[in-house]
Each structure stands twice: as C-alpha cells, then as structure tokens.
Amino acid sequence: MAFKLKQKSVLPGFNLSFGITIFYASLIVLIPLAAVFLRASGLSFSEFVAAAFSERVLASYKVTFLTAFAGAATNAFFGLILAWVLTRYRFPGHRVADALVDLPFALPTAVAGISLTAIYSKNGWVGEWLDKAFGLQVAYSELGIYVALTFIGLPFVVRTLQPVIEELEPEMEEAATTLGASRWQTLYKVVFPQLLPALLTGFSLAFSRALGEYGSVVFISGNMPMRTEITPLLIITKLHQYQYKEATAVAAVMLVASFILLLIINLLQRWAERRTK
Amino acid sequence: MQFITDTSSKDPPWLRRVLTGVALLFLGAFILLPLASVFTAALEKGVAVYTASFTEADALAALKLTLLVAAITVPANVVFGIAAAWAITKFDFKGKSLLVTLIDLPFAVSPVIAGLSFVLVFGLHGWLTPEMQTELLAPLAKIARSGADAGAVGEWFLDGIANWLEDPKIIFATPGIVLATIFVTFPFVARELIPLMNQQGRDEELAALTLGASGWQVFRRVTLPNIKWGLFYGIILANARAMGEFGAVSVVSGHIRGETNTLPLHVEILYNEYQSTAAFACASLLALLAIVTLVLKSIVEWHFNNVKRAAALNTKQKFQ
Amino acid sequence: MKTTLSNTFAGTFGKLTRHAAAAFALAAFAAAGTNNDASPLAGTAFAKDVEILNVSYDPTRELYVEYNAAFSKYWKQKTGDNVRVRQSHGGSGKQARAVIDGLRADVVTLALANDVSAIAEKARLLPKDWQTRLPLGSSPYTSTIVFLVRAGNPKNIRDWDDLTKPGVSVITPNPKTSGGAQWNYLAAWQFAREKFGGEDKAKAFVAKLYKNVPVLDSGARGSTTTFVQRGIGDIFISWENEAFLAQREFGKDKFDIVYPSISILAQPTVAVVDKNVKRNKTKDVATAYLEYLYSDEGQDIAGKNFYRPTNPKFIKKYEAQFKQLNLFTIDDKFGGWAKAFADHFADGGTFDQIYVK
C-alpha cells in the first residue's frame, strides 16, 4: 500500500519509518482522541449546538482565539529576533539568556500564572508602573491572558528557528554581499525566505499551544463570564459538573478549528518551501 | 568560538546592538521577571526553609517520579520523532500535510482534554476497563509470577512486574502519567527535525548511497550529524515539557501523596495548602532542572564546536 | 540493491527500537510494581500491614496528617495491625470525578454531600443511601461561611446587604469550579430570601452582589491569594477554617473576621466506598477510620484544625474559637444538594442567568 502511496525514491527506510510513525501516532493520539469524539457524538444535534455554540461559549471562543493569535504573533516577531541574536551573536550572559528561553516549559503552568499575576497586578513590580504611567490594567483583563499566552509560547518559536539559523550556509550571504546587496537586503531577500517555513511552524505551534492553555490563564484572567472567560475553563467547568458529553462537544469544536488552522499553516509552509527552492 | 562569530560580523554594529537590546528586553520582561519572582517567593523565609521544602519525603518522591516519567517519555519520542521526520522529509507521498498536521495536533488539544481522553479509554467506564485489563494481562501475570517464584534473575524486579500484572493500574498510576506525558510531548522532536531536514534536502543522503553506503550508515554518518542540533533542541524541549507538564497529568494522576504526584502537581497542592513558600521552592527546583539541561547542552555544544574548529583548521592546512 | 539497503537499515534500526521499547516498558512496569508491592493483597497474608487511601479535598491536609497518626496508634492498640493511610488532596469535584473514573479510594472525605452522591450515582461504587450510614448525615465536623475584611474594616461591612453597596469590591471564587463558592452563593441567596422575600428578589440581590465581584478565581485558594497578596477587594467570602488559616499565615493584625447575621452550615461529608474496599479487602479498617472521626480524639483534632466539632463536649471546649451563629442547612432551605445544584449551578441555572441575559 505504501508503495502506491508514495512516489519513487531510492532512499531506504520508508516502510519502517512510515510504519513507526503511523503506529505510534494512532496509539498515542488517534485512539484517545477518537474516544473524545465518540463521547461527544452521544449528543443529539440540538444538544450539541446548545453545548458548543451558546452565547457564553461563543464569547469564550472569541477571546481565546484573539488572545492566542496576538500572543503567537508577538512571539513570532520577538522570537525571530531572539533566535537570531542567540545563534549569531556572542555577548556576556549569552548562555544564560539561551537557557532562560526554556523556562516557560519547565515552570508548572500554575506557577507561571501565579508569578505573572504577582508581577502584573496593580501592586506588582510591573503592573504598578503600567497602571500609574498608562492607566493600563494587565492582570484580570484580556491583556493578562495575552501576557500569559505570550509567556508560554515563546520557546516554540525560538527553538524551532535556532537549528535552522545554525544550519544556514554562510556562502549564500557572502554571495549576496559580493553581488552588491546591502546587509539589510541580504537579510530580507536571502535569509528571511529561508527562515520563513520554520517561523511559520513556530508560530503555529505557539498559537495552537495557546488555544489549549488553562493552568496559567485562570490565575491572571479574572475569569469573568462573557469577557475574560477562556474556552478551556468552560470545558473544565462542564467536566466538574459531570457533563462529559457537553465538555467533549466544546473540546471537539476547538479541536476541529485548530486542526483546520494548523492544516492551513502547514500548506502555507510547504508553499513557502517550494518558493525558496 | 571565533569560527561562529565569523558570520555574525557581517551585521553592522548598530544592528547588532539594537537587535540584542530588543531581544534581551523582551526576555527580561517576559521570562526573567517571573523567574525572579519565583525565587523571591521561594527564599522569602530563608535558605533553611527553602532546602527543607524539597528534601521532605513527599517532595523527593515527586521529584523521583518526575525524573522517571521524563526518562521514559523522552527516548520514546526521540525514536518516533526521527522516524516521522525521515518519512516526511525524505519521501513524497499523498496526505503528507495531513500527517504533519496530525503530529501537531497534541499541541492544539487542551492538556485537560488530553488527560481526559486516556480516562475515557482506560477508566472505570472506558473502552478497556480495569477488569478487562486484568483479564488481558492474566497470562502474562502467570508467567511473571512463576518466574518470580522460581527465583529467576532479578527476583524483586519480576515480583514487581507480577504484582502489577495481577492488578494492573494504568489510570491514576505511573503508566497513565507516562501516557499523558508522551501525548503532550509527542510533537516536539519531530517538529524540530522536519523543517531542518526539509531545508537540508536529500542530496547528501543520495550521494552517500551512490558511494555504496548502507541505509543505516547513511543515517548514522550523514543524516545524524546534520540533524544533531535540531535533535538536541527537540530533546531539550521535550524534556523540559515532560518535567513541567501539569494539566494532562493532573487528570490521570489521582494525586496520591508520595506516589502519583509529579513535582508540578506537588507544587499546586502545596500552594492550595497555604504553603506557598514550599510551593515556590519546588517550582524553583523545576526551573533549576531546566537550567541543568541547558548547561549540559552548552557543554555538548562547546565540545562539538571544538571538534568542528579543529576539523576546519585541518582542512585549511591541507589546502595551504 | 535497494532491498538489501532498506533491509539492513530496517534490521539495525528495528532492533534498536525493540530494545529501547522493551527497556522503557520494563522500567514503567517496575515502577508501577514498586508502588504496588505494599498493597493490601501482598500485605495481609502474614505481615498485618494495611493500607487505605483517603481521597479528600484541599484544605483538610493538616487535619488528616494529625488524624491519621492518631488513628494508626488507636488501630495498632486495638488490633495489632499497622495501618498506613495514604492521602490524596485536590478540588472536591475533581477528586470525586477521579474516584468515579477508577481512583481506588477506600474512603472519601469531600467538601459537599453532592460530590459523594455523584460517586454513588454515576459509578455505583456505594449505595444511594450512603448518608444514613454514619451519624449526623455522615458529617463528623462542620464549618461555615464568614467574611474576611481588611484590618479595621474600613468599608464597615456588617452583613450580606453591605456587599451589594456601590464601591464595595467582593472576592469569591467561581461557583462553577469551586465547591466552597457554592456555599457562599446559597448563603447570600437565603439571606435575601428572608430579608426581601421571594426567589425573584433573591436572584436580583445575588446578581447585584456579583456585579461587585471583579475577579472570579477558579478555586478558594486562588481567591485568597487575590484578596490577600494582590490586595484586590474589600471583602472575601471565605470558609471559616480558611479565614482562620489566612489570619494565621499572613498575620492576625492584617485581617478581621466578620460574622454575618445568617450563614450556612457547611457539612463536609465522609463515606466508605463499598466496591473499592471489597476489592482491596479493607472494609473493617476503612469503616473504623471514619467512625473514629466521631470519637473524642477525632473531634478534638477537628476543633484544633479550625473545623467545628459536632460532639457537644467539644463544641463547649472550642466555644471561644467558634462564634455562635444563626446557621441554616441546605436540606431545610434548599431541599438538599441535588435540587440546589440543579436550580442554581447546572447549565442554565440561576448563576448562568445572572451573567447572560
């Protein structure tokens, strides 16, 4: 079957690697997620709509997707700079800075949420200043969610870009310089296109991770219904009330939405790759 | 070191300064401040209380479990990640984007749903209930038990396995925690390798094949050296996330003190019990663990750079 | 050529994978096995070592640390057996869900009767009439809901209707995710019902109260942090035992406790999980464990840990600590937990209505 599926290649190992991939993916991801969908399918259509598209749930989709997108976009921008600086430049404390990037993964999300709230609330280190200088309230508002989601997404972008920057061939840049391109032109026309696929990957990972984040957000968002209540919180709420079917219905909607988004990004990425080749 | 900075010297100094400044400012605001606040809270009551917090029996048990889970999860995902990246980047087949998206999916699934999905499969009302698990594993249990009774090699080990097989616990025990952790760290290694191997293309492998190398040789001598950085970053990320995962593990753990609490769960419980100093002490320990992995990375990196530089010098000398 | 290549590759790689997989699997089982080998199955045969698992909620940790030690001593004297009580703590509803899904608790000691009933109904692990099997509706100790205000009570908060005044900021967790917050909600409801008369007036009152809530934390501890450490809010509606704990932890001079004119009698409930003790062969010790909560020693330990004892002798002993209050029960005023839950906290209940018009 695999032979019809793929185009001819002289490289070995397709059956083995493809086999492992499919087997492992089915065992760890597909079968458990199928259980979620089947549980949700126990609802009638109108029950499903009532659970997954009520006014309050719709409001939560809006705030969740918007803040996740903003957080991922911020990370794509600063993450690109950070990855470039960490890979290409050497400065005092360079290794420490590199080490710090992984912190969002290592800190339990609850701790991250509590610390961020401490820093960005009105009596916190940064929050006090932001409040006085700009009248900005970060903790217990949409901004707080955005801060938490930016925090948890950063390593995705940086760590996806770093190995690609590491492997960039200096000859390309040298050639561009020799041909009279300014440094800026080289960066923009030669380097950036090569980084674009990885940047898109990093963005999509940060974005999808942000969509599902719960632990850190509940501490900083304030959880006000219709305003700062995120979808994962609503899922938990339904689980707490033993409404597994309704909870899985909302989860299924989130899942399908993010699957489609990821698919679009992956297609974009392949397109970007083809263009550079 | 000099070897690497060669390429960077092409960025004009003002650009370097601006970029470095922006990067560090961002890092400071979003990463360093939270870290500092964790350590401040952890050391609030002095060093003695700080160290006592994680040398306490329950904290140690949680640390042990966390390390065990990471030790199982990371290698499993390395094998999968390499296989998946090889299949996806070295071959063209239908539905490739779909497969890549499938690999991304665990990131998009709320960790709580990830945990719940295993409960729905292995729980008391799941597809494979504990009774069915006992029945399925009964033959294996008999073999293990007779092995343990006969005093075969590693008696205590077989005895432990036999005990487990006779009364298997997946959910609310170590195997469930491992499964949930594998789920959330599933994409890391593959996702690091795919863009990298895509960018590198297939030419080098094809050339090696033409020169008569075997498949395994091609992988070990050509592909592996090329992807080692990506693999490394993937391992570090997977490891950090495996040790820090909270949401998914929380659903399948059962929170039994000293047994099924991982370090992040222990942190939450301490916090909920008004022991915030101890909670932050354990959290800082997790941060330290991540930093230790990074130090290891730096050492390896330094070693490789030396080798690389030596090799470069060698070639230079040859041509001169 | 091609086949040989891929075979060698598959061969070596496959072997490696198999070895690795086997090693991981063994490690996982061995770890699980070690966790298990002190289980009652292995123990009861000769060593007379028994283990039971008590699945409880968050703020009871100190209570049960002290109580477990006392019970072990008592059980050793009585039967000669060594009993080790393993503890699991978490949000009450979450803990109930874990037991429903297969966490093998011998006894549950949860925040609300509703959570234990869920175990009886959804998983049939114990009979529906579980509450009648122990004295006082299976609640050996009780608590109530009080107000924690900033030192000196600057906003002069005396009773529930002060919480709806403009400019008063109230901290309480989300009743959808926190069991404790459901007690708060119902206490406010009952106050309004008595003072203003009628369900509609009560609903309007509660809606007005929640307009003054700037942050709905997901759990009681989160709310405590918001109030105490973030400095947000003028008054925090809290469990009585948590209010005492907050005073002890953060300083008595920082907060005052205000007792409202009427509050709710919060009854944490305990039960033996029949099907699990049958499987674990721990019925006797599990039953004795809960019964001992009603003994003099058990009641004394509860009082020491800020829970209200139910035995008159110890009510008297801790008289100074626990103020006499006008307390109502959920059974009297709301027709039991099942009904209260359906009316107020289920999807589309009154709590949802006050937020979505």
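Note that the chains take the letters A, B and C in the order they are written out, and that residue 1 is the start of every chain.
Definition applied: a contact is a pair of C-beta atoms (placed from the backbone, for glycine too) under 8 Å apart; a residue touches a chain by one contact, two chains touch by 3 or more.
Just so we're clear, the structure is a prediction, and the values are computed from it rather than from any experiment.
Participant: Using the contact definition given at the top, which chains are in touch with both chain B and chain C?
Facilitator: For chain B paired with chain C, the chains in contact with each are A, in label order.
Participant: Weigh A-B against A-C on C-beta contact pairs and write down the one with more.
Facilitator: A-B
Participant: Taking each chain's centre as the mean of its CA atoms, how far is chain B from chain C in angstrom?
Facilitator: Distance between chain centres: 33 Å.
Participant: If you average the CA atoms of chain A and of chain B, how many Å lie between those two points?
Facilitator: Whole-Å distance between the two chain centres: 17.
Participant: If you average the Cα atoms of chain A and of chain C to get two centres, how far apart are those centres in Å?
Facilitator: Spacing between the chain centres: roughly 34 Å.
Participant: Mind pulling the chain A residues that touch 2 or more other chains?
Facilitator: Residues 10, 12-14, 16, 20, 114, 118, 236, 239 of chain A touch two or more partner chains.
Participant: At least two other chains touched by the same residue of chain B: list those residues.
Facilitator: Within chain B, residues 79, 126, 209, 215, 218-219, 271 contact more than one other chain.
Participant: Which chain C residues touch at least two other chains?
Facilitator: 5-6, 9-10, 13, 17, 100
Participant: Of all residues in chain B, which touch chain A in the complex?
Facilitator: 1, 4-8, 10-12, 15-16, 19-20, 22-24, 26-27, 29-35, 37-38, 41, 79-80, 82-84, 86-88, 90-114, 116-118, 120-121, 126-127, 179, 182-183, 186-187, 191-192, 194-196, 198-200, 202, 205-206, 209, 215, 218-219, 226, 229-230, 233, 236-237, 240-241, 243-244, 246-247, 263-264, 267-268, 271, 279-280, 283, 286-287, 289-291, 293-295, 298
Participant: Which residues, counting only chain B, touch chain C once they are in their complex?
Facilitator: Touching chain C: residues 65, 68, 71-72, 75-76, 79, 119, 122-126, 130, 157, 159-167, 169, 171-175, 178, 209, 214-216, 218-219, 254-260, 269, 271-274 of chain B.
Participant: Considering the complex alone, what residue numbers of chain A touch chain B?
Facilitator: 2, 5-7, 9-14, 16-18, 20-21, 24-25, 28-33, 35-36, 39, 78, 81-82, 84-86, 88-91, 95, 97-112, 114-116, 118-119, 125-126, 147, 150-151, 154-155, 159-160, 162-164, 166-168, 170, 173, 177, 183, 186-187, 194, 197-198, 201, 204-205, 208-209, 211-215, 231-232, 235-236, 239, 244, 247-248, 251, 254-255, 258-259, 262-263, 266-267, 269-270, 273
Participant: Which positions of chain C touch chain A when the two form their complex?
Facilitator: It comes out as residues 2, 5-6, 9-10, 13-14, 17, 91, 93-94, 97, 100, 118, 122, 174, 176-177, 214-218, 222, 225, 229-232, 345-347, 352, 355-356.
Participant: Mind pulling up the chain A residues that touch chain C in the complex?
Facilitator: 10, 12-16, 20, 51, 54-56, 114, 117-118, 121-124, 139-140, 218-219, 222-226, 233, 236-243, 246
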